[in-house]
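These notes open a run of structures that come right after.
What follows is chain A paired twice: with chain B in the first complex and chain C in the second.
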Partner chain A sequence: MNPRKYLKVYAKFLHTSLASELEYKTNIFIDLITAILSLIGSIFLLSIFFQNSLNIGGWKFEEALIIQGIYTILNGITNTWFNPNLTEIVKHIREGTLDFVLLKPIDSQFFISSKKINPSGFLEIILGLCLLILCIRINQINLNLSFLTLSFITIICSICILYSLWFFISTTTIWFVKTWNATEVLRSFLYIGRFPLNSFSFSLRIFFSVFIPIAFITTIPSEVFLGLSQLWKISLEVIVAIVFLTTSRKFWLFALKFYTSASS
Partner chain B sequence: MISNSINRKIFTLLKVQYSNMLEYRVEIALWAISGIIPFFMLNIWTNNNLNESINISDVMLSRYFLCAFFVRQFSVVWVVFSFEEDSLMGKVSPYLIQPLNPFFRYLAQHIAEQITRFPFALIIAVFFFIFNPESMWIPNLKILLLSIISTFFSFIIQFLIQSIVACLCFWTEKASSIERLLFIPTLFLSGLLAPVASFPEYVKSWIYLTPFPYLIDLPANLLSGNTTNFRGGIGIQILWILILFPVFRKIWSAGTKKFTAMGS
Partner chain C sequence: MVKNVIEVRNLSKSFDITSKEPGLKGTIKHFFRRKTKSSKVIKDISFEIKEGEIVGFLGANGAGKTTILKMLCGLIYPSEGSILVAGNLPFRRKENFLKNITLIMGQKQQLIWDLPPIESFYLNASIYDIDKLEAKRRIKKLSDMLEIDNEIFIPVRKLSLGQRMKSELLAALIHEPNILFLDEPTLGLDVNAQRNLRKFLQKYNKETNATICLTSHYMKDITSLCKRVICVHKGSISYDGKLDILLKRLSPVKEISIVCHSKKDAIKLGKSGFSVKNQTNNEITIIIENNLFTSSLKAILNKFDIKDLYINEPPIDEIIGKILIKKKYDI
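Now for the complex of A and B:
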């Protein structure tokens, strides 16, 4: 492991994929409008839920907006990094080009998860950040160092969990070849992350914190923002994130043993 | 004689596409699963007693969301993605030589996929009734037929809209981003996530002028037995088809004139 080499390679990846994405400039522009409309749509949906009720699952409208903000940031990160790269795994395996990746003198997981970048997700991240700043003002959250570090840690953990989930599902392609729609199933489950976990019934709550830890991804960081989160929840999230990252790494190395390249 | 040959064409197209789709039945099952968002929404509605304010009982609302799930399952359209891939790969040129509009091929593909999808959707519905036995109901034959027709019209409207977008491939090569943009209002305004009856007045005043509420809300209300003006609704669905079809014809003939085959 030589971090400088990896940094240099990553800079090259950035350069090439940005260059190829910027070929389709109108596309990026349309994606920007899509991101804005999508945020407006989900706030509209939230306002329908709140139009006759002051709180849902113990969350007020202004507080639920924080979840929307965090969801939007994470969705932007997914669209910028995870989605373009990890859907590419399917292509690599179907066409047998994973051979070329494995032959390169660089870590295969690093290569596969960082090769591409989709700049149109950036706007979603910016939109989410703006919404969060607005929420901080509405909810009168006072910023101090411990708040900032805690929220930073939890969001980083959420990103790790999200990445591991995506990577996990994409790795299964080695056995099933076409899991393009499995990522679609994950996407539809992640949609739940837009709403506070407490607004669901008990059985779904268990499902979304044990099997697919969507609860950890958006609800805990939002609780940190409101200063409601207990320390055990935050440390639990850190542990979950570490467990997810290491198992997804192990799972990838395990799956590679079963990889028989195309036509062999 | 002529009708005989048309019949044979339809039959062959459907048979070919159906056997093709059966090959990918696992994927189609995954697609069916990824459409379960309406059930999560139902959970939020009933778990927080939000439906009391819009005068829809728990049972009626759960029927509504089940029907919305079904309508969505049988009106999913992806023609723009198929067409974009075919046109980027240069597969459109051989299709154009054949004495059959290539969109018939895509139409057959969609209908064959719906036939393949049907058993999976039924299985999901059975699970739904196991968890919510009180919402079980049997619609009468007339309602069932009408809602199948209405769902089919909804499918045709979406197919025409997407075909029009797909024809833009002749000019821009990447038309799927426009489709993603159009998907946002479809998602939030069609009634998939919340029944149109629950929308605030300022949205209700103009929403019926757009095609969106006729895509899911109308057939789902009809099938679930909620109050709806189905005569007027189906009439407007037909009106939209009559408006969109000539537009598609125009843009198709303009596009094929503009078309330059790959490599020329």
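Now for the complex of A and C:
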């Protein structure tokens, strides 16, 4: 693998998909409004939960806002990179255009995971970052090096887990051809990530930690922000991220052996 | 001696195909319990293709032509047998192999829909590790050959089908591959666009000595590009050889319509030993075997004073139609 070539190709991907998206100005404008309204709606919903109680599952409203901030960043990343690319896999497989991807001298997973970009997702990332900065001030969090490093590691791990889950489901299209519904189910599970894990019952907590690791995606990075996280939890998140990434990679390579291409 | 670029030995491919009964009951049954049947779509085929050859794959819809092409370029794993393309096992899709081949499908496109083709060309150039200057040179050369200049700066969605196909070709050839797999490249194009594309492929083959494997339902593509054809019938090869030999074999006779000066002359000609198809007044149609055609024609012109003469060859589509339905040709 030649990293320089991949960087060059990624720069071209960025350029072409930004140029494609900018062809439709109104669409971008609508996406931007949706992002703002969605964040306002989420904060409003959270505030309703805290109306009658000062804390839920041990989390105060100001602390729960950190989870909302991290969720908004991750949702922005999903909308910017994962959604446009990974839902495209379904289209590629249904229409047989995956043929063109597989015949290019470049890693097929890299190609289909990064070819497209939706610039309106950037706003969500920026809004999420603003909310996090606000939370840092409200909660009087001390910004030191270890805090920044741990936050960075846990957020990167969250992105990896999220990507792997998304990619894993998209890969199953090779057998099931149409998996839009499965990605929608995953999306609705991710909505749950807006709320602290402790606010759920024990059995749901186990489900969201073991089967669909929502807990690792938002709660652990938020705990790091509040200085509540233990080292074993962070290490576990790193391990889960590595396992998910390698499994999704192996699963993709395995699935390609069953790719039959669409008929002409 | 020209070397083999493609070697296929005892190749077979099976697919699992589901079937569904009609009606609501059938739909519900299909939802809960799918009937899957393994179907052998390619059956024990073997052939070789030499460097620089243009080979046409002929066959009815569903005969297995596209499956063969997709196995040759490494998109589909073969169930049995072996394939070597330029010394590579295609399904491993090694970088060197992929840089050597290209696949063009008339019904699918790789160009970015909302952007001008030039953007897709430079994207492909970066994927094939071609530097900007070299890419620019190749785009200029190929666009000259394809006779597209300004069109490469217009968004793909605004181009005509012919211009789009030319741009697809340019995008697929920017890495200068030596082996081209073309699956119905002229599909939906008008007569002039088809002719231009064929002209380009001939030129490309002549200039680069590239090997071309082609499937097409337009017989003009096959007759003007391919000296050799491989006929596929229900997954088996029914004929592999020169196209002109096959055409002669399937159409061993020619019809000549002769207009004589009088009815008497026409009757006289009809009684001179030729096989007569029909005769009306002073016009007579006779059938002559291909191998006797020149001598017979000479004899007619010497012996009879004729007014006019037409040679009717059976339509090529009709002959090829016969090829598609026959299981085996021993020539």
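Going forward, the second predicted complex is superposed on the first by the 263 of 264 C-alpha atoms of A that agree within 3 Å, B and C clash if a C-alpha of one lies under 4 Å from a C-alpha of the other, contacts with A are read in each partner's own complex, and residues count from 1 in each chain.
The working rule: a residue touches a chain if its C-beta (ideal position, glycine included) is under 8 Å from a C-beta of that chain, and two chains touch if they have at least 3 such contacts.
Please read these numbers as outputs of a predicted model, since none were measured by experiment.
**Student:** Quick check for you: in the superposed arrangement, does A:Phe176 touch first (chain B), second (chain C), both or neither?
**Tutor:** first
**Student:** In the three-chain superposition, say which chain, chain B or chain C, touches more residues of chain A.
**Tutor:** Chain A has more residues touched by B than by the other partner.
**Student:** So, A:Ile30: does it touch chain B (first), chain C (second), both, or neither?
**Tutor:** first
**Student:** After the superposition on A, what does A:Leu45 contact: first (chain B), second (chain C), both or neither?
**Tutor:** A:Leu45 sits against chain B, while chain C stays out of touch.
**Student:** Once the shared chain is lined up, is A:Leu145 touching chain B (first), chain C (second), both, or neither of them?
**Tutor:** neither
**Student:** Under the stated touch criterion, which partner chain does A:Arg187 make contact with: chain B (first), chain C (second), both, or neither?
**Tutor:** Only chain B is touched by A:Arg187; chain C is not.
**Student:** So, A:Phe13: does it touch chain B (first), chain C (second), both, or neither?
**Tutor:** second
**Student:** Touching A:Leu231, do we find chain B (first), chain C (second), both, or neither?
**Tutor:** Neither partner.
**Student:** Once the structures are superposed on A, label A:Asn2 by its partner contacts, choosing first (chain B), second (chain C), both or neither.
**Tutor:** In the superposition, A:Asn2 touches chain C alone.
**Student:** Per the definitions at the top, what is the overlap between the chain A residues touching chain B and those touching chain C?
**Tutor:** 24
**Student:** For the complex, give me every residue of chain A touching chain B.
**Tutor:** 24, 26-27, 30-31, 33-34, 37-38, 41-42, 44-45, 47-49, 51-53, 56-57, 176, 178, 180-182, 184-185, 187-188, 191-192, 195, 199-201, 204
**Student:** Name, in rising order, each residue of chain C that touches chain A in their complex.
**Tutor:** 15, 66, 70, 73-77, 93, 95, 98-99, 101-103, 105, 107-110, 112-115, 119-120, 122-124, 126-129, 155, 183-184
**Student:** Note which residues of chain A are touching chain C in the complex, please.
**Tutor:** Touch list, chain A to chain C: 2, 5, 8-9, 11-13, 15-16, 19-20, 23-24, 95-97, 99-100, 102-106, 257, 259-261, 263-264.
**Student:** Where on chain B is chain A touching in the complex?
**Tutor:** 24, 26-27, 30-31, 33-37, 40, 43-44, 47-50, 52-54, 172, 174, 177-178, 180-181, 184-185, 187-188, 193-194, 198-200, 203
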